[in-house]
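Next come two complexes, and both contain chain A; in the first it sits with chain B, in the second with chain C.
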Partner chain A sequence: MTAAPPRLVSPVRGLFDVYVQEAKIAIAQQIQYRAANYMYMLGMVAEPVIYLVVWQTVAAQQGGSVAGITAGQFAAYYIVWTLVRNINIVFTPYGWEERIREGQLSAQLLRPLFPIVEDLGFFLGWKPVVVLLWLPIAFFLALVFHPVLNPSPLAVAVFAVSLLGAYLIRSLNQSSLGLITFWTTRVGPVFQLYIAAELLLSGRLVPMQLMPDWVQTIANLLPFQWTFGFPIEALVGNLSTEQLLGGLLAQLFWIAVGSILVRVVWRFAVRRYSAVAG
Partner chain B sequence: MPEPAIHVADLRKTFSVPVREGGVVAALRSLVRRQHHEVQAVSGVSFDIEPGEVVGFLGPNGAGKTTTLKMLSGLLYPTSGEVRVLGHVPSKREAAYLRQITMVMGNRNQLQWDLPALDSYELLRAIYRLHPDDFRKIRDEFIELLDLGDLVRKPVRNLSLGERMKVETAAALLHRPQVLFLDEPTIGLDVTMQKRIRSFVAEYNHRYGATVLLTSHYMADVQALCKRVIVIHHGRLLFDGELATLAADFGADKTIAVTLKEGAPEQVDFAPYGEVLGSDDGKVSIRVGRGRAPDVAARLLHDLPVADLTIEDPPIEDVIESVFLGASADASERTPEPAATR
Partner chain C sequence: MRPIRLAWLFFRIGALNDLQYRANFWLQLLQSAIQLGTGLAVLGLIFSQTPALNGWTGPELLAVMGVHILMGGVIGTVIRPSMERLRSDIREGKFDFVLTKPEDVQVLSSVREIRIWQAVDILVGFVVLGIAIGQLQASLGAIEAVAFGVALLIGALMIYSFWLIVTTVAFWIVRIDEIAELFEGLYQSGRWPVTIYPGWLRASLTFLVPIAFAVTVPAQALTQRLTPDTLALAAAFGVVALVVSRAFFRIGLRRYSGASA
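Presenting the complex of A and B:
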């Protein structure tokens, strides 16, 4: 005896459903571990606060600004940094390493959905909770460091869109890196190299305009600055309309590159699953 | 003639495993010259399974069962050979194929650990693009069949192993697959829970005509569900046929159980009749060759005051063990063993 197979919804609705469900699960988990998550977030604030204190000190010693950036603008840069950093939390290569080494990928490979889509949905689902948790931290930092920023409505809109772009670029890049595990079993050293490049070439460590010209030239050829520097500058940097819209186009370009890269690497990588999975 | 649900022809899988001696010197040497060892996990296995069949896939640890199942489900690329499941080539991992199969691995967890299973079920609905009405119907049907009740509303981490396996099994079948690959689905479960999972699989097969390929070290699973078994060892197919035939082909012995009317059995010497396996509560068990069983039974009835006598096939576990032992002996002599095929 056989019964008719269950009806399917359209692919577009299916994909939308996946994002909604992943978001629900991510939010439920975030709320369940809210205290731990908040501690994690507070710990993450230490990094920009150190940068901020250093640059405000340097600015004070140089008569109030460094390369035209005032103490208040440094404060704005690094406070917005904290939001961008939290939005930029993605599924890391370490996650891929564990998933592949422990054979956990099997369950995902058996599903009719590209695993990276699940990751994108899940981590995107975190973000509303992240923003809520971030607000008190930003308020406190603003009280202490007195940020100065006067964004236009367009700058605010571009900033909001660029957060999504930054998230996607970083997710795709780190997924491609994570897939290296299929060949190497361990991905840590490669990932550390990536993080070092990101620190220097993204605006994460220092605003890009403080970097030497040759570093800025290299950064222009790579995706990193579109994941940190651009979203922050969009809100605090008084960018022109051309710069704002051009930045979004650059993000689109790197999203396309990342999507193609992850697809290509995946095609070769998944054939090697046997070598490392249980 | 309809196409078989599963078609496997001369399937092979070879793994290349890095090897080196222990110690620092060997570790340094491996930096410049890595050595690999080829392991043939599956060596030319062929079989067909018709739609709706429930087949037991048996073999000792390392026989190649799980590797074969992984190739059938699309998790592993075969080294060579042909595999078609429901007309699809599994290694292409097409969405249309993955929507029609499932693989349950008894020791794996695909549900969100911290959340109630209902949340994971909703995610699976989205992933499989199930229409909400059909999904709810299937989900509720499984909740009833597996007697899940409130288990689906508790965080998965709070469930016992058996309870978790039940909610996992439901999750694996929510998209109503046509082919089920069950890899040790009852491993670690108590007898009651094993029975529950077994009866669910049987009911699912009956209701939806699904094809099932099952590996299990619990012969009770196989006896309850499978008329047909495929036995593999060292990656080779040893037997493919009815479970009952397996006992006839490989069960070289029978067990005769005798209870005497009077006198303690200890006072009788049963050695001339066969190998005495033991006695329990006045009942003596004797192992004799399959062909000699009727004669020995007749002699026992003639010679002794027999109150009760039964002739039984050996337990299926013993039969399977004798298949494996025979195969190991063959392998050690490096003679290719002829597979008893259907």
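Presenting the complex of A and C:
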């Protein structure tokens, strides 16, 4: 008896299957730990609720709005924020640190697959679970904080697509950062600087209109605002058609930059890898 | 006095241990600086739009931030490390080693781990407080200083009780790692006086997760807002929290069956 020859599929089809399988694993795992997932999510929701309360307080004091944003619009901004943040959860550089320090990467390198593809698929699969768990939270927040938003159908469509764009940009950037752990085992300081920059330059802390002009100018040159500010504004900000479609193009540009960066860094990084035992 | 001697002993062991890793001091300093920087940026943004937030002026909110950083340092240095160790020991069955020692189990579980570099936040908190007090119009009398110290101590004991209760849940539910994340998230709310939050949230942040008592009340003492009634309420609630957490811990202890071979 001879073993059946391996069935050959096209590379694209093969890659697609990998994504689907990784996603299935993620869904099964995350449903198993739904209580843990919920605690994690509630801790995360605290962040925008705090910003929201603070800015609603300021808006109330200033006669209803700050820099043209009303209390209801702040509510819409930060509630949509919670969804965008959940979609934006990706494999962190700390994960890379552990992977390399403990030699887990050795097994991954044996597979005929770029490790970052596994991460992309796994975290993408987590998302349906996350969105399901998020719905009651969003409902509750909407009940309490009275958001005001009236997006056009095009805005909704662009929002949906931009979520995927935001996920990819943030994944690719954090993967590149994670690869630093091939050189040092302490990625913490770099990652914290990255997160601080993201807070200030992405719209994660406050809508970018509230930032001084020079900060907005810096933000325009960097990828951060396409991961938070743009998706949120697409839904709540009454952007024009050009702004909406232009934003998607900008996301596409940063996805391309991120992909190239990750591949280039990987080529140099993987040469430095050495594992002790297996 | 025995608990204090025990705590001091573990503090020395922890310090000796951490002193081996001096680079961690600089990492902690960088982390504290980043947090301070973003905190100040937010204050700057808010006060570029409005002269006062719900009656709190810039220097007063800076004082709140100072207390928040200071208390965060206390939690990170002495409370959270021991509680996380307790949690993982229960899960892995290593808790046997604590039970077999001839000391009070709760005391021993609560002082075993110290992270001295986290104390950088305590220093940063005091510096921020000093600057804030310098900017405040009203001068700070001896009574306010004592009230501040008392409020801070009560607040720390309440946060400890909270962590103990939450960690005790590990006797029933094994995977509660995310509770630390949940607390970190909620603790960020203490950066602002709890009076700005809507009623249901304010009540939760006072009696469910005692962030109001840990941060806002000490800050009130510094800004002439603290009434004797509030301080008395804090003291009473603090005693209740300590008693309840100890009782709950003992109930949880009975559930422990050990997991080692």
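Note that the second predicted complex is superposed on the first by the 269 of 278 C-alpha atoms of A that agree within 3 Å, B and C clash if a C-alpha of one lies under 4 Å from a C-alpha of the other, contacts with A are read in each partner's own complex, and residues count from 1 in each chain.
Here is the rule we use: a residue touches a chain if its C-beta (ideal position, glycine included) is under 8 Å from a C-beta of that chain, and two chains touch if they have at least 3 such contacts.
Here the structure is a predicted model, which means the values were calculated and not measured.
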Clash or fit (per the criteria above) of chain B with chain C on chain A: fit
From chain A, separation angle of chain B and chain C (C-alpha centres, steps of 10 degrees): 90
Chain B versus chain C as contact partner of A:Tyr273, first or second or both or neither: first
Partner chain(s) touched by A:Ala256 [first = chain B, second = chain C, both, neither]: neither
First (chain B), second (chain C), both or neither touched by A:Val148: neither
Which superposed partner A:Leu132 touches (first chain B, second chain C, both, neither): neither
First, second, both or neither for A:Leu222, with chain B first and chain C second: neither
Touched partner set for A:Leu210, first chain B, second chain C, both or neither: second
Partner chain in contact with A:Val156 - chain B first, chain C second, else both or neither: neither
Chain B versus chain C as contact partner of A:Leu113, first or second or both or neither: first
Minimum C-alpha spacing, chains overlaid - chain B and chain C, in Å: 7
Those residues of chain A which chain B touches in one complex and chain C touches in the other: 33
Residue numbers on chain A that touch chain B, as the complex places them: 1-3, 5-11, 13-14, 17-18, 20-22, 24-25, 28-29, 32-33, 103-104, 106-107, 109-113, 118, 270-271, 273-275, 277
Parts of chain A lying in touch with chain C, wherever the complex brings them together: 33, 35-37, 39-40, 42-47, 49-50, 53-54, 57-58, 61-62, 66-67, 144, 186, 188-189, 192-193, 196, 199-200, 205-206, 210-212
Residue numbers on chain C that touch chain A, as the complex places them: 27, 30-31, 34, 37-38, 41-42, 45-46, 48-50, 52-54, 173, 175-179, 181-186, 188-189, 191-192, 196-198, 201
Complex interface listing, chain B residues touching chain A: 13, 15-16, 52, 70, 73-77, 93, 95-96, 98-103, 105, 108, 110, 112, 114-115, 119-120, 122-123, 125-135, 138, 175-176, 178, 206-209
